[in-house]
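Comments concern the structure below.
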Amino acid sequence: MSAPFTHRIRVRYAEVDGQGVVFNAHWLTYFDEACTRFMRDLGFGPSFWDEDFEVMLVHAELDWSGPAGFDDWVDITVATARLGTKSFDLRFEASVGGRPSCTATITYASVQPGAHSAIEIPPAVREALAARRA
Amino acid sequence: MSAPFTHRIRVRYAEVDGQGVVFNAHWLTYFDEACTRFMRDLGFGPSFWDEDFEVMLVHAELDWSGPAGFDDWVDITVATARLGTKSFDLRFEASVGGRPSCTATITYASVQPGAHSAIEIPPAVREALAARRA
Amino acid sequence: MSAPFTHRIRVRYAEVDGQGVVFNAHWLTYFDEACTRFMRDLGFGPSFWDEDFEVMLVHAELDWSGPAGFDDWVDITVATARLGTKSFDLRFEASVGGRPSCTATITYASVQPGAHSAIEIPPAVREALAARRA
Amino acid sequence: MSAPFTHRIRVRYAEVDGQGVVFNAHWLTYFDEACTRFMRDLGFGPSFWDEDFEVMLVHAELDWSGPAGFDDWVDITVATARLGTKSFDLRFEASVGGRPSCTATITYASVQPGAHSAIEIPPAVREALAARRA
């Protein structure tokens, strides 16, 4: 079994709020960036993504367990948590220096590019996601 | 029973992504703004909030059911969904022109201002939140 | 002479940084929102803006003279500062409770929608902008 | 003479607007991140920065000359452009694949940490900035 996919992000000053920690909404942005890199790692580049396959978020659950502050490196692992016919879940686990910080499970619907109606996940995407189950 | 608390937000151009809809992370920012206004409506102003009472997000669940686009007015209702000893849930329901757009249930922990350790929700806050149950 | 166009923004918790003031980049977002409302006030709605007229920022100068903090109301006046053939400048002056906070002069190029090549400012837009000189 | 300091940023999906390019305000965030890395490169870590030296933006000028889109790598060079007694200018030049994209000159005032009143730039900071003139 391969090592889990990991993406690193460094916290910007602009992302830290008056409590000295990353403002909650930015975690969804971090996970979005991690999702992009995960899909790229699976072989789906900008042209594929844009033209033949597109996703929209339909559900997200986040849990915060520890802080991330200015200039911290955040390590985010990404894996497939569920693989349906027209939607799938990715699991994100973020930590700072080994300490758990924020986790999320996000459900993406496969949609007709441009039209936003649900379609089956293309076979190549399904196969790639299946190989990265948690 | 009183009418539910509602806060209106107008979608900024900066908040809409390449798919022409509000980027997912901004919904947490919208709900954070709605939470601030809801707490103000309950009588908790900046000084109270900052000095005697502080919250940290510990859990959030979001569901997207319809789009919000540039310049749309988003109506967000806020109500108390759960009231524990040291934490509580708020329920947010956002719609655009009456069409459901995004909903969320967010769990806030009551923390010692500055120290971030969990403390009981102050009685005055508890009483005010109880009066606004969904 | 008419009163200057003014747009009000309330500072979000998410927009305040570790120094307790609005993070610098958000001022450009505030001015972008004020620009949208100014153009709407001039009669240019989404369809006109999207189909026949589009702008791109080519230059911006900002000066900060005082802080804006969480929950502050920011009043932003907008006026035409320069009117060229293919570009124009808007002047933004932001204040909090009457105290100057941030000002900006932003140069917008009139571009072919979609194509991003410079074109002359449409006559109706020019006329409307001329009527709102500072 | 040493090579100019360069910092790379990859454009997030969240940062691209409906015109398919980085929304204007994010450039100030990019330059803020580049400034942090530049100061770190000069030897000023979090503790120094937070305790003995702090800056506030007082002026910024930005020029846009070319687009940056989703997933693009943006290379930002940073150099000292002016060195006054209580303030200094940094020059930022951003490019995508060698094509100029956005440049900025930003004026930072040296302030008393916490108090925000102007103070002289500490000698160690001055010396380091002087060594990195454009």
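Every chain is named by a letter (A, B, C and D) in the order it is written, and numbering of its residues begins at 1.
Everything below uses one rule, namely that a residue touches a chain if its C-beta (ideal position, glycine included) is under 8 Å from a C-beta of that chain, and two chains touch if they have at least 3 such contacts.
These figures come from a predicted structure and were not determined experimentally.
> Is the C-beta contact count larger for B-D or for C-D?
Between C-D and B-D, contacts are more numerous in C-D.
> Determine, using the mean of C-alpha atoms as each chain's centre, which chain is farthest from chain B.
Following the centroid criterion, the farthest chain would be D.
> Centre to centre, by mean C-alpha position, how many angstrom separate chain A and chain D?
29
> Determine the centre-to-centre distance between chain B and chain D, using the mean Cα coordinates as centres, and give it in whole Å.
34
> What is the distance, in whole Å, between the centres of chain C and chain D, each centre taken as the mean of its C-alpha atoms?
23
> Multi-chain contacts only, two chains or more: what residues does chain D have there?
Those would be 13-14, 23, 25, 29, 32, 70.
> Quick check: in the complex, which residue numbers of chain B touch chain D?
Contacts found on chain B: 13-14, 16-18, 20, 23, 25, 70.
> Per the contact definition, I'd like the list of chain C residues that touch chain D in the complex.
Residues 19, 23-29, 32, 54, 56-65, 67, 116 of chain C touch chain D in their complex.
> Where on chain D does chain A make contact in their complex?
Chain D residues touching chain A: 12-14, 29, 32-33, 36, 46, 70-71.
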